[in-house]
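First subunit A sits with subunit B, and in the next complex the same chain sits with subunit C.
Now for the complex of A and B:
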């Protein structure tokens, strides 16, 4: 059963790699949805184990919230935002995609060396899962700074949140229910506000390139 | 004596099954387009006919052009001998390991690229340069993924790796093996000139890679080249199925019947992988040549992440 969680954590990490190697906004949203589905699966299995072991169904409820929010609602909101702007493919990167991917490999190595020395994390498998999910956080940050367009940066923010959630889940077997729910409400508010902001930016500057925000507009 | 049996089984199975894989992939593609398609055995007929025909060699071609088909065929077959199709016959032949296998195939490919350049046709040079690019991109991920598996088995000998994998329960629910297997699937597609990288059914198109190098060949040489390419494809598929989907631990009988049963299961696994490749071909379009590095990068990170998992797990 432990290997099952290992594999899920690896798949979540790989989905964030797939995200970095994409350049279509449509594919970003799809990959984010896939990653959220994998996280929901992880939470579902963990919640099921909890119910069987001590009748505690908090994690199962969190799993249902993830499916409703991250797999269905937020991707739909993003698709709507995406429909309102004419911009489709990310063309200008700071580096080309293979270099971005190789830098992300470096991030995985970095997180291995930093996380594996934390003594409080016990057990081989927990360690592996935390390394993987912490790498997801770092890759989310990196994705945010490597994309110049606002929609990509929203996805980066969501991936960071996914990574933090998975790290917490793997290292503590589920956070307190109220904390999780609070984070989700923050998240939905953030995505709503950012979606509206992107449309406003697009109206004002006729582009969602964040570098153009510096231009004066009167 | 056992060693001789190993050679005979290995050569016969690989030679006979290799063209079949191409036939199955073509058949599945045809069925998906509601065509009837050529029979599964079409490549056997083609090869038989080509072997009977004479060949035309350009006046400007040097000895490399004539030698290349034999080198390609011989290296593929030699590489095939290093990858056991069944672990029921113990391989006593410790003459080579996975590194030798990878570079034997690379030697064959090198000669194929030289032959493409040799006749100085425009297509040949183009195909050779593209093949050089793709192969150099895909080579690191082959070695990293296979050597990670070798590190766990504590041997680079493919027979020992397969023996070790028989003891692992459910290898595909293991982080290291799963990533290595996925990396190997992308490698199979890239190495054997399948659709996201190269279209095997195009002929005389500007986008072709593998076909461009074979353009000048005819008759017996063409047959050897085609057979060599399909053997190479089967070698990679054999690697994937026999390392990551081991089945011989479930066969409790011994003797010739066990070998036969093992080979039947092996063929079923090969057909499954061929079906996966065919579905991948149906669902995707050919990538732009300059997007191939992205696919190669994806394959490399799959194998690299597997390698990191091995480090964290420490076994």
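Now for the complex of A and C:
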């Protein structure tokens, strides 16, 4: 079973690389949906194992919530938000894509060296999975600062959240169920609020370029 | 009985969605916060008598001890005062047709969601749920920060939501590592329960726990406004409506700091001494004080200046808890209380200034003591209090902080600390004291007298509180702080 998880964790990491090399906002949203589907698959496999071994349905329920929220609802919301925005100047990043990808490779190496130093995570398999999922968190952070558009920042936040969720799955077999549910409630509210704000920012600033938010300084 | 704390804000939110007249909305808000105040009194009483207040309901989720009751009482007392102040504030905004009745509805419902999430954060035992509640505070207050809906407010709200959500996400990574550190110690059905983690702290996995503390300090530190993660704070505090600024500064920062304190107690107990956590907390604390000192001197906007002063005081609190001696913990908790009351008084007074003069610029205000006798006096005395002048309560707690620095023989640190405080006092005096003198600008129709009468009463009450606690500390308060201090030390020999 561990091999499946290894493969899945590598695929999740790859999907975040794909995200970094996407150019258009619609493509980000699609990649995010793909990544969430992979995470749902991971949770599904784990949940299935749990049911077979201990008869515990919690992880399977979490998997269902992920499919409903992250695969269906949130991407749809983001598409709709983007549809409401009139100004569509597309170029959205500070560096070239190859440079972004190379920096992300550096992040993976960094997380490899830092995670392998943690004693409690020793044991080759767990280590690889946690390295991959932790890299997803770091890439999410990097994605946020590498894009200019407000929507890009929302996606970055969602990727960080995805990475954290996978880290929790791989290192501790998931957070307690009630905490997971709380996190999902917060997540959907956060996306709703950020979506509304993006539309308002677009109304006021006639753009969703966050570099134009420069009135408050010092 | 304690569950009323969770139910009342919920009912207030529902009622303020239904009720459609302004007076009714004000009445609901004041009543709800008064009920909360009574319940908090009851809970405090129970905690004094029996040390904890917990119920079996919802898997023993509800849990209050002396440490949480201090923060809870601050939340509810300031919540009550802010609710009273809001009546006058919103009526005045309405009179100038800046906001409609619909906005008042929205304001109250969001304010009580905000209160609920903060109350929730300090009354649960599970650290994961605590995280969820603290993230909810960001989300609930986001629209309150962007309440005026203009360019600046939107920018502040966007920065607030993004920086705090990402910061808090870092704290979630920390909590996952905490869970990992405890996975062999605590059974999975009791995972992340604070009391169990604390009881079995010695058995947790130390290296992972250290890592977790770093993430948690960065994460909740973002929310508590520690430099260099403070960048959202001046924007949000200056752009939010003044009663909300008072809540953000006086209450929200404390609830984030409270989360850090809970984890700090576990980590220090596990490691056996406080040198690891101490170095981190003291570094962040001093950096915050430095950053605030520099920025206060260059401010032209009085609400931003107050916001930077909040960063300074959170820095002082972090410093005090970093030292982790009984005296410094006592001083830190006392400082939390004092800062909350003083700073919310200042922000509420600044709301009256803003409504009177219609400007946030320091240069736009002259002759404050003539135009606003009560708010002006409160603002002047509050500025003295916040910069640590006797006889106000902040002086008392700051003296304790640097006494504990010198007792621990951190002479250099103590020296730098006093120097920075003096610098900040100078900064506030240079930038802000000129607003009290001179004549109000001619031509502008600025009459004399208070606009917000309930607000003026609130300011007077707060002034009495900070003066009284500065001169004399009630035994009740002392007992509570001492038992909170005992909880944090938890049998550690220092």
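Simple rule for what comes next: the second predicted complex is superposed on the first by the 208 of 218 C-alpha atoms of A that agree within 3 Å, B and C clash if a C-alpha of one lies under 4 Å from a C-alpha of the other, contacts with A are read in each partner's own complex, and residues count from 1 in each chain.
Here is the rule we go by: a residue touches a chain if its C-beta (ideal position, glycine included) is under 8 Å from a C-beta of that chain, and two chains touch if they have at least 3 such contacts.
Computed from a predicted model, the values in this text were never measured in an experiment.
A.B. asks: Is A:200 contacted by the first partner subunit B, the second partner subunit C, both or neither?
C.D. replies: second
A.B. asks: Is A:153 in contact with subunit B, with subunit C, with both, or with neither (first, second, both, neither)?
C.D. replies: Touch status of A:153: second partner only.
A.B. asks: Touch test for A:26: subunit B only (first), subunit C only (second), both, or neither?
C.D. replies: In the superposition, A:26 touches no partner, neither subunit B nor subunit C.
A.B. asks: Can A:76 be said to touch subunit B (first), subunit C (second), both, or neither?
C.D. replies: Neither partner.
A.B. asks: Classify the contacts of A:98 with the two partner chains as first (subunit B alone), second (subunit C alone), both, or neither.
C.D. replies: first
A.B. asks: On subunit A, which partner's contacts cover more residues, subunit B's or subunit C's?
C.D. replies: Result: the larger residue contact count on subunit A belongs to C.
A.B. asks: Tell me which partner A:108 touches in the superposition: subunit B (first), subunit C (second), both or neither.
C.D. replies: After superposing on A, A:108 lies in contact with subunit B but is clear of subunit C.
A.B. asks: Considering only the touch criterion stated at the top, classify A:179 as touching first (subunit B), second (subunit C), both, or neither.
C.D. replies: Once the two structures are laid over each other on A, A:179 reaches subunit C alone.
A.B. asks: Could you list which residues of subunit A make contact with subunit B in one structure and with subunit C in the other?
C.D. replies: none
A.B. asks: Across the complex, what residues on subunit A touch subunit B?
C.D. replies: 3-4, 6-7, 9-10, 13-14, 17-18, 21, 96-98, 101-102, 104-105, 108-109, 112, 116, 124, 127-128, 131-132
A.B. asks: Going by the contact rule at the top, pick out the subunit B residues touching subunit A in the complex.
C.D. replies: Against subunit A, the touching part of subunit B is residues 170, 173-175, 178-179, 182, 293-294, 296-298, 300-302, 304-305, 308-309, 311-314.
A.B. asks: For subunit C, which residues count as touching subunit A in their complex?
C.D. replies: 59, 126, 128-129, 131-132, 135-136, 139, 142-143, 146, 149-152, 154-159, 161-162, 165-166, 169, 172-173, 175-177, 179-181, 183, 188-189, 191-192, 205, 207-208, 211, 234-235, 238-239, 295, 298-299, 304
A.B. asks: So in the complex, which bits of subunit A are touching subunit C?
C.D. replies: 118-121, 137, 141, 144, 150, 153, 157, 160-161, 164, 167-168, 171-173, 175-176, 178-179, 182-183, 185-186, 189-190, 193-194, 197, 200-201, 204-205, 210, 213, 215-216, 218
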